[in-house]
Amino acid sequence: MSGSGFGTLFRVSTFGESHGPALGAVVEGCPSGVSLTEADLQSDLDRRRPGQSRFTTQRREADQVRILSGVFEGVTTGTPIGLLIENTDQRSRDYSKIKDLFRPGHADYPYWKKYGVRDYRGGGRASARETAMRVAAGGVARKLLSQSGVMIRGALTGIGPEFIDRDQWDWAQVAENPFFTPDAGAVARFAALMEEIGTAGDSIGATLEVVASGVPAGLGEPIFDRLDADLAKAMMSINAVKGVEIGDGMASGTMRGSAMADEMIPAGTQDAAGRADAEFLSNHAGGVLGGLSTGQEILVRMAVKPTSSIRIPRRTIDRHGAPAEVVTHGRHDPCVGIRAVPIAEGMMALVLADHLLMQRRFDGR
Amino acid sequence: MSGSGFGTLFRVSTFGESHGPALGAVVEGCPSGVSLTEADLQSDLDRRRPGQSRFTTQRREADQVRILSGVFEGVTTGTPIGLLIENTDQRSRDYSKIKDLFRPGHADYPYWKKYGVRDYRGGGRASARETAMRVAAGGVARKLLSQSGVMIRGALTGIGPEFIDRDQWDWAQVAENPFFTPDAGAVARFAALMEEIGTAGDSIGATLEVVASGVPAGLGEPIFDRLDADLAKAMMSINAVKGVEIGDGMASGTMRGSAMADEMIPAGTQDAAGRADAEFLSNHAGGVLGGLSTGQEILVRMAVKPTSSIRIPRRTIDRHGAPAEVVTHGRHDPCVGIRAVPIAEGMMALVLADHLLMQRRFDGR
Amino acid sequence: MSGSGFGTLFRVSTFGESHGPALGAVVEGCPSGVSLTEADLQSDLDRRRPGQSRFTTQRREADQVRILSGVFEGVTTGTPIGLLIENTDQRSRDYSKIKDLFRPGHADYPYWKKYGVRDYRGGGRASARETAMRVAAGGVARKLLSQSGVMIRGALTGIGPEFIDRDQWDWAQVAENPFFTPDAGAVARFAALMEEIGTAGDSIGATLEVVASGVPAGLGEPIFDRLDADLAKAMMSINAVKGVEIGDGMASGTMRGSAMADEMIPAGTQDAAGRADAEFLSNHAGGVLGGLSTGQEILVRMAVKPTSSIRIPRRTIDRHGAPAEVVTHGRHDPCVGIRAVPIAEGMMALVLADHLLMQRRFDGR
Amino acid sequence: MSGSGFGTLFRVSTFGESHGPALGAVVEGCPSGVSLTEADLQSDLDRRRPGQSRFTTQRREADQVRILSGVFEGVTTGTPIGLLIENTDQRSRDYSKIKDLFRPGHADYPYWKKYGVRDYRGGGRASARETAMRVAAGGVARKLLSQSGVMIRGALTGIGPEFIDRDQWDWAQVAENPFFTPDAGAVARFAALMEEIGTAGDSIGATLEVVASGVPAGLGEPIFDRLDADLAKAMMSINAVKGVEIGDGMASGTMRGSAMADEMIPAGTQDAAGRADAEFLSNHAGGVLGGLSTGQEILVRMAVKPTSSIRIPRRTIDRHGAPAEVVTHGRHDPCVGIRAVPIAEGMMALVLADHLLMQRRFDGR
């Protein structure tokens, strides 16, 4: 009955509902001495924030984060960092129509089955609104990771059946368009598809990738807390994610070993412990072997299903078991996968920060 | 630096290397009063055991499991269950050729980077041999689950680019062929492909699915310990798994909401708490919504990459950083995905048992 | 580097410093359907609140708690409960004199050694101010426990060398005096001692007890998460507690088995599972045998050391290693043990709620 | 329903009943490169082993430990260490007389209430026999700690009302007498008391202390996983322990601040991070302030209650709720506190190893 905490040494515990007074988090385990300000966290929150373009929900939330503890004179003290975002757009809507209905494809029905009590306003705890706190907490992790030279970047690679041209991948483009996509040439196609979807009152899925570079070799704790296993859990825990791949992912199942195994040659360098570094000639493994980072880029891909909040009528039941029909109006993202990019980056940051702390060398002191 | 434990209430901790004296596990949290014998666990172990067909490794391990505690007069006592399998096929090989080499695509290199010490015999802890204990522990979980009417079945759906015809799916076939495949018509194709791979000295990936039926609605602990998130971690923690899908998985990213959302109609029944049950008209969600089970079948699909132990020479480095070439001879599975079927079943059992215990109703007593 | 979370299923994570903007907590794992209001928590907070009598610190904090999530229409929803108390008495003091000094008997020195960064204002995170959140979270636990008929009461049994007359124990008296003491006859002695201590500019230790009644038999998770072990940790984690006893406690070491073992006779009743209840003829064990509750009252006793914030000069060093002298002025409790009573009650509630959830019966559904 | 694991990074999970086939443990988190042999663990096991003197039980167990994994060529590999002790003295006794009785002061009754199934042979899991695995696992922790200059020693300071003369404390004496006592002058008194107890068919409690020296300042994770809190849990989790004290312990409740606060002067040295060390002029705090180690000796004291296995008839009930009388014959320790000394040392080692790993410095690599 718990489940709102994530991580072992670098651990975040969150609370908050879509239409409650506030969202919050406790971030435990950040070492002391890391410089941290609210502005550091706000930039990622602003990327996730609704209402940034006409392709995302028009709900207006300031998503202004406050740091309530754990930072003194601009640096972390090693004590837990309290984060708070007040909900400002708690528009008093009339929920009487949907309060007893279970929207198909949403968490309404299993939440009712599990708890027998349900905050039906905007999805309550099951709303993607809670992900704001993942982004905020992930921002703390990013500050820590940046000290170690780890950089995390995400990008949207497909909306529905439209995919980018990977040869046109340009990280600099991601910040330049409302789709977080690295292929400028795909923007027009994505926009056209979104228009069509909007007109149809439908929604659409998306595919995205998160890449971490600068990750030292050896992160991950076999055999269960493998780095890839923890990344898979992190991503699958994001609302609407239905598939997670590392490196070649599902395609690995169709490949031969001679094509899959990434060959190594000497890098000519060595790590802090004096062990020789390898240079890899390819990265089918996505930077993880045996559950441990190899020092290559870590590549995670995921699919985000289309939201079920659509204007097309769907059959369902109400809490009394009677048949019903539901049509969702209101301010919903027609493609929730777009805003998932900074969320996935945040979750990867949480995983890597935790494993980086786990892996600190033991020198007997 | 831990990481060998899995689960919260139903928790397994394992130990053991490929060529060490034994593999073992502690299974904590099994309620008292569950009937359990060594034979209950042996049947699944025998399914995973090497040497069962000419398509798997010819290494011969009896994999005979002993229950050392936690069971008294045929039933569990609620105390931890100790499991032990002695390694019997510790053939004294000469490892001098490979002890300083990092096999590409294997865990050799990152293990060396992480630990600086490496049991190079047969992969040590990174060998798939440890999965025997997952199957044994999963067997305990299955006994518990069977009390609740939960059944878990797995099947291989593809070897390399060859896939089954899903219309021919017949669970009864799975036990009748060496590929754990439900489509009898695919057996000849799979066999032919395996022959070709063997002749080429290469290896091949596989795709498999695990399905749980009879799972009550509401299992899963939002927002991080979602049922699908824990399943993703469980499966990705299995050696060589590179992608995990729930329901429509990666394809969800290409779909529209009107196609994805599973409609509901009244089932006409109610659960133990008196809440109305829904009947779903489809199962694109794979039995999980908002991280909670819906009462439908839970469907998990995964890709297992081809093993890197192949007879084709590959470039690598040794631990001194010098370039080298490696060719793997010996008794290796050309398609490790085949034997992964009972392992994935075991991992799913561990996840479901844990969540079932988490979800026990609180009645104030 | 974490450590700010407590509990497994019923879990609280807290944040906040003495002179920061706010204290907060996430309470995970409270089942749905428990009625809960801010007033439920405020009553215990008010008991702990400073400035309630002339024998405690005159610092004035409203300690007004807000529930930010997890409660809908007056009952818990099963999702995490966010709690927040704004700090209102952040008087802008001049800390320049003590910011580089390590107060003897305080956490200043080891915090500096551990973190190298220190919020020196009022003790920062090491201040007893954080215990307000233990009381608030414990209040949620109490609501849950009350559904099961569990009642927790605490009392002060000694200040310095002055102890109560146990024959005069009257629970009704606890709320009637500023010492939380059940012996009305001891009040005058305690008050006189406190006056003397105040005049001397010194401080004084205290002894207190917490008693839980109505606890069902069988709570506790052998062999490490025994009920008494978790209670010992809970109490020793409270600031200034230096000793914890269960039942006869340290005196057990001096006793004979014939005196210590609590005899049983038939109670003539049985529990929900149909197992016969025993009536115990004594309670030397303090309600715990083999780490499990016996159904008797659970008795925990603890000693709270005198605070080191005294007006008598003490030798110390500063952060540069130079010798120094420190004298503490300001608004400090001369006997921190007094206000520890509601804190210890809160910690016991957290432990019992967690174990009660752990012990829910598994009925296969 | 779990509870058989202890620790976060350095974690031990144990299994095994008194009269089952074997006891075992998985020790996770030991860093790689620590030299470790079975002989390292055997020496402490031999100190705990029954039958070492006429003052302990005459049950004969070889307690020969095997290391089944995690060690390669004499050093740890970083993978989990499997430990196994086969039970050799499973004398086939007739348990029919006591199998339905609940021995007063034993775990029989609450185990029955909790589990409804009970391995009645020799106490099953509740037997102190499980502590052999704590000693073995603690031995691994000691090897790790010794690399950091941490030394742990235990001593018995009292049997019943007879206490040592602390001025005669000589650590060298502990290994020279059957009581693990540091005061040679107390041996005769202890022996005489034990004779008397034996003749009376009674049992007797004991008081003991464990001291760690060489512990760096700053270990402990506020606010809940304080070092003293974890030590309190560790000790209270040992069978028959009913009270735990740090430093002045329960006496702190009677003291004044001017007497309790340990003054500091410059030590003239600094730690690895360049922070000045203090020299303390006393150690009333027992080496822990604010839940963190101060660099002083860590002193933990505990009381072990007299065993309830006595030859004097006691009233009880049977599992059907009928009144009964029980008299315990057989090979029992008349003072279980004696053999608790190496067990308490082992538990302290587990706590310190875990906190030492938690405290590794983060240097950004």
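Think of it as A, B, C and D in the order they're written, each chain with its own count starting at 1.
FYI, a contact is a pair of C-beta atoms (placed from the backbone, for glycine too) under 8 Å apart; a residue touches a chain by one contact, two chains touch by 3 or more.
Every value quoted in this text rests on a predicted model; they were computed, and no experiment measured them.
K.L.:
Give the pair among B-D, B-C or A-B whose set of contact pairs overlaps with that of C-D by over half, matching residues by number.
P.N.:
From the options B-D, B-C or A-B, the copy of C-D is A-B.
K.L.:
Could you let me know which interface, A-B or A-D, is made of more C-beta pairs in contact?
P.N.:
Result of the comparison of A-D and A-B: A-B.
K.L.:
Rounded to the nearest whole Å, what is the centre-to-centre distance of chain A and chain D, using the mean of the C-alpha atoms as each centre?
P.N.:
For chain A versus chain D, the centre distance works out to 45 Å.
K.L.:
Let me have the rounded angstrom distance from the C-alpha centre of chain A over to the C-alpha centre of chain C, please.
P.N.:
Using C-alpha averages as centres, the distance is 38 Å.
K.L.:
Would you mind pulling out the distance in Å between where the CA atoms of chain A average out and where those of chain B do?
P.N.:
26
K.L.:
Show the residues in chain B shared as contacts by 2 or more other chains, in ascending order.
P.N.:
1-5, 8-9, 14, 31, 79, 114-116, 125, 216, 222, 357-358
K.L.:
Would you pull the chain C residues touching chain B in the complex into a rising list?
P.N.:
Its residues touching chain B are 8-9, 31, 79, 147-149, 216, 222, 272, 356-358, 360-365.
K.L.:
Spell out the residues on chain C that touch chain A in their complex, using ranges where they run on.
P.N.:
For chain C paired with chain A, touching residues are 1-5, 8-11, 13-17, 20-26, 28-33, 66, 68-70, 72, 75-82, 84, 114-119, 124-125, 357.
K.L.:
In their shared complex, at which residues does chain D touch chain C?
P.N.:
By the definition above, chain D touches chain C via 1-6, 14, 102, 104-107, 109-116, 125-126, 130, 158, 160-161, 197, 202-207, 216-226, 228-237, 239, 242-258, 260-268, 270-271, 273, 275-278, 281, 284-286, 289-295, 301-310, 312, 314-317, 319-323, 337, 358-359.
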